Amino acid sequence: MRVAENINAALHTVLAGDERAYLIGEDLLDPYGGAFKVARGLSTRFPDRVLSTPISESAITGIAAGLALAGDTAIVEYMFADFLTLGFDQLVNFAAKSVTMYGERLPMRMVVRCPSGGGRGYGPTHSQSLTKHLIGVPGLAVFEMSPFRDAAEVFAEMLALGQPCVFVEDKILYTRRMLPAVAAPFTVEVRDGVAYVGTGERPELVLIAPGGMAERALAALRTLLIEQEIAGLLVVPSRLYPVRLDLPPVPHVVVAEDGTAGGTWGAEVAHHVHARHFADLAAPVTLVHGADAVIPAAPHLERHVLVSAGTIHDALVRTVRA
Amino acid sequence: MRVAENINAALHTVLAGDERAYLIGEDLLDPYGGAFKVARGLSTRFPDRVLSTPISESAITGIAAGLALAGDTAIVEYMFADFLTLGFDQLVNFAAKSVTMYGERLPMRMVVRCPSGGGRGYGPTHSQSLTKHLIGVPGLAVFEMSPFRDAAEVFAEMLALGQPCVFVEDKILYTRRMLPAVAAPFTVEVRDGVAYVGTGERPELVLIAPGGMAERALAALRTLLIEQEIAGLLVVPSRLYPVRLDLPPVPHVVVAEDGTAGGTWGAEVAHHVHARHFADLAAPVTLVHGADAVIPAAPHLERHVLVSAGTIHDALVRTVRA
Amino acid sequence: MPSALPEALTEAPTETPTEAPDRAAMLLIRHFETALLDLFARGELSGTTHTCLGQEYVPVAVSGLLGPDDHVLSNHRGHGHYLARFDDPEGLLAEIMGRAGAVCHGVGGSQHIHRRGYLSTGVQGESLPVAAGLALHLRRHRPGALACAYIGDGTWGEGAVYEALNIAALWRLPLLVVVEHNGIAQSTPTGHAMAGTVAGRAAAFGLAHTLVTATDPARIRAELAPFVAGVRDGAPLIVEFRTPRLGPHSKGDDTRPADQVAALADWYPAVAAAAPDLDRAQRDRVARVVAEVSARPPAEWTGRPREDSVAGAAAHPAGGWAVA
Amino acid sequence: MPSALPEALTEAPTETPTEAPDRAAMLLIRHFETALLDLFARGELSGTTHTCLGQEYVPVAVSGLLGPDDHVLSNHRGHGHYLARFDDPEGLLAEIMGRAGAVCHGVGGSQHIHRRGYLSTGVQGESLPVAAGLALHLRRHRPGALACAYIGDGTWGEGAVYEALNIAALWRLPLLVVVEHNGIAQSTPTGHAMAGTVAGRAAAFGLAHTLVTATDPARIRAELAPFVAGVRDGAPLIVEFRTPRLGPHSKGDDTRPADQVAALADWYPAVAAAAPDLDRAQRDRVARVVAEVSARPPAEWTGRPREDSVAGAAAHPAGGWAVA
């Protein structure tokens, strides 16, 4: 099963299991089924609860908040994560705040799904990973789709939180397999929604990456093991924020993510790690991320600014050898 | 001279010295002169270049970008920083990107001014410090008004950058004196736009804070000196992002800011400090910020979530004694 | 720059309310708002507040058309909206003063109020999409109920308003938009901020629109009743009131010439003259509420962030938070 | 959920362009777009692209009304806008293919193009406020010049459109909005996304509006000339073209029934029949451009981020960046 199908199945599960659940977004109706086809079949099966809307990201987000405040379950599909900027006010200043700004907790079941990331040659306004802008909003949690964890489980977790959540879905990941077979000596263990991919050996370093980066991160760890004989542990949380990580004591921690330089998710993770593991660390947490630049449309230029397995590998080597 | 008057004077200077310069925002016309009166006198003196607009933060920001792309100088006044969320798309996905996304650098003279921060009992949607959301946007720089630096100088610096800048103005600071007299043994030195407030002694710690936090930060340092006999150095940059700081080697660094927990400016500063000064540090950089909560309207509740001099002082003590 | 001139109020309120409960409600709101400005003047209130002096009859008229399942969305100028829906000056004043018994424990304050079937927020334009979402919910779960959103003339500057109206029209949502067109937004005359008309905007989306210049709530309700029945059937409606803002935008920030403000029609003198006992009773009631609420202890925020806050921050007794 | 039915194109293009340069431009655009879809099919193009098959005459007509000081704002479906303004298929194709000589060095790609007097971006609705800013600039520094923004019918979902129109009307900006109403937005028929009409939206702001159903650029220009003169005088105008989208939204994503698409009027067969030499010449020209540009080396991004990048990140030869 591909990741897009897994998310699609999760949406089927949510809408089938909760007759107050809605999916709201642009171009959702069958046979189109959303720009990335993740909504396929839903409008046919739940015609009254799959709402294909005008191109109105702000209104869509506000409508979802209204539904959620009334006790419904509202899932919003943004066509591209880049357009979160258009619904930012509704998300940050209304939906997230509503949970607490009226003095008593108003539970809201609301998830904003957003196809993120580059690598498809879509250019500067259709390729971004904007997770950084969503970190640190009171009342807002951020999750990311991971190939190691059934989306249905993540949806259940998000909806149980009773507060708005953003669910980041990497566009390249859509086409990848769920629960990918991991070649020896690496094995995957999932604990509390966090995937740990390691060799069983005591790791010399920990590499933390969200689901969309996991494949590149694991490739980098594998090369590190083969070429440098250094064992690393890959940690893939599905909840990106609030950050809560359970790490073994290691001298080196690296965080790899898409998204441009500055104010990154990695800086937040680093803060968390430094606060808890400073004594174990031989060096500050290394951050790997995209360039401080727009994401160009031409594939050869796009490659220049995005994070590859090679970028991560070299950062790992530099970190360990420093 | 009060800070609000200093910013007002700076705007007079910009508009008088550059006949292509505009100020755009809501309720700017005299005698009102903007919600915080920072635009006073400008519409009378430059009636064609002070544009009082409908309540349309998104359009205003886009109009400014259009002017800037055409070679004009566009300064936008947001009535409250909280409303940056409404212009976020125009700022992040258009204005900032335009500088580079067309392949060649298009210089833009554009500044977005935003009255920030709590302490006035305005409640959850009129009290925020949203700096964190503006960090790490390629092509966007962030500055903050400081009582130690003439706003005219900062405007000149921002406009010379040729890229969109956000200028954060603390609402409480508006009422404070410019170039405040600092009681002995502290003295102020300004180098490269960064104010250093110290005692001349070799500091045991560095406290980094933006302009709006400077008064509380200095009060905390003074108490630390008097009660604990620990000398600290306060560093107040006026450019918040990109971060570039020139710090003495010290074992302890603390960053204090307004804004809620998570994904803070301080985490970005910490990253910068850890990367450069890890060997000197006895502990990771301590972050002081507002609570992970909305900002309540009632003053006694608001105080519970905002940073006070006492909060900073205790964090300093804890950091040094840990 | 703007070429249009400030739009004057074309019709001034002249009628006196015919029904006693309307008079009572209008007087209650009037004295409540006046009391707030007094409290501010005496330094007993902080923050900001927006009174609806002159406009009291609007929510009094509208509330009479609403049922218990209907949902009201209010804005920054919302005290009248609240008091016309809930006879609860104590809860509202406690909220504004941050005292025990506050509707939202003092967290929301004047501009952010929530109560079953009622919600306000201080960011212009945010409420219409939310109202559309609530209307969608109500249509399914409470057929016949509607969402009623109050907005000002200035709020038509915000794009979210149009996004929501378009969707409300397409989806035939039971949405009632009440426009309190008081000719001004903060300091900006409507003519400087609105091209065209509210009626034209309704027409743009194929929405029904009706203009109300009457000021007697009973008469207004009679006029509006058939339209509102249409809303309950899925025909969104924009009701535009022409109404005077007699007071400042917030406090002490009225830059209109005094004679311009003085020329605005005020329903109050006539009602006070016609019903002096009721006027005194409501004034006294408000005075009692002010005295009683002022004596209460500060509001307690039971939901306030705790030490084990998700972001890992540690609460600090001096206020604020720190993380090592 | 939406109650309205898909809106059919009410008038089909039937006329043949009377002027040779118009025919030449339309054919150039047609063959350019067709070549792009071919390149995609052959796997020689990546990313996304939106062709304007069927709509070519719109920018050809409009560009003839524009002068060198005028500023064009284009959108995601912008190849025709560009080619009608600049006779530069090489520069545009190089941009789309990321080859040397690309107008924007391959950074912007199909949707983000800038050239003196021309700018496009891929986020719906973003361009109208920017156009208003440019119009404001032009009014002062190039009196008589205008800003011309192309938007689709679906883009009327975005609030920013209304914010900008309101301001353009208030400030009397020389803004020409060209609406390419092709009855669909990606997969969504206009009737599912737009309540009311474009004309109604213009009226809402007191803006002039004119509907164009003609398809001969010369005739369209003659119709529009007096209106456009008004724009130059400060009367913003909305010109609404009813025009067919013959191709997919992007590539291979057309879910309309084949017979519905086949029923759309296409100007091309008649023109190709009437001017076979010109048709062949333009087809050949595009083929040469494709061959020539395909043979070019990759575009160089001279402005690309360097090692001393402000954020302190270090470039990495394998791509991406890392900071220790």
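Here the chain labels run A, B, C and D in written order, and each chain numbers its own residues starting at 1.
Just so we're on the same page, a residue touches a chain if its C-beta (ideal position, glycine included) is under 8 Å from a C-beta of that chain, and two chains touch if they have at least 3 such contacts.
For clarity, every value in this text was computed on a predicted model and none was experimentally measured.
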Checklist entry - For A-D, which listed pair, B-C, A-C or B-D, repeats its interface with over half of the contact pairs the same? => result B-C
Next on the checklist: So using the touch definition from the top, which pair is joined by more C-beta contacts, B-D or B-C?
Outcome noted: B-C
Checklist entry - Any idea how many Å lie between the Cα centroids of chain C and chain D? => result 43
Next on the checklist: Taking the mean of the C-alpha atoms as each chain's centre, how many Å separate chain B from chain D?
Outcome noted: 40
Next on the checklist: Nearest whole angstrom, what separates the Cα centre of chain B from the Cα centre of chain C?
Outcome noted: 34
Item to check | Set of chain D residues in contact with two or more other chains | outcome: 1-2, 102, 105-108, 112, 121, 123, 156-160, 163, 166-167, 170-171, 192-194, 301, 310-312, 323-324
Item to check | Junction residues of chain B, two or more chains touched | outcome: 48, 51, 53-54, 56, 58-59, 82-83, 86, 89, 93, 100-101, 123-125, 136, 242, 260-262, 271, 275, 283-284, 287, 291-294
Item to check | Complex interface listing, chain D residues touching chain A | outcome: 1-2, 46-48, 95, 97-98, 102, 105-112, 121-125, 154-159, 185-188, 192-194, 253, 255, 298-299, 301, 304-305, 309-313, 315-324
Checklist outcome for this item: Given the complex, residues on chain B that touch chain A span 82-83, 85-86, 88-89, 92-93, 97, 100-101, 123-125, 132-133, 135-139, 241-242, 259-265, 267-268, 270-271, 274-275, 278, 283-285, 287, 291-294
Next on the checklist: Show me the residue ranges of chain C that touch chain A in the complex, using the header's touch definition.
Outcome noted: 71, 102-108, 112-114, 119, 121, 123, 126, 128-138, 140-141, 147, 159-160, 163-164, 166-167, 170-171, 301-303, 310-312, 323-324
Item to check | Partner chain C, residues of chain A touching it in the complex | outcome: 48, 51, 53-54, 56, 58-72, 74, 89-90, 93-94, 98, 100-106, 136, 242-244, 271-272, 275
Checklist entry - Which bits of chain A are touching chain D when the two form their complex? => result 26-27, 29, 31-32, 35, 47-48, 51-59, 82-83, 86, 120-126, 260-262, 283-284, 286-294, 296-301, 303-315, 318-319, 322
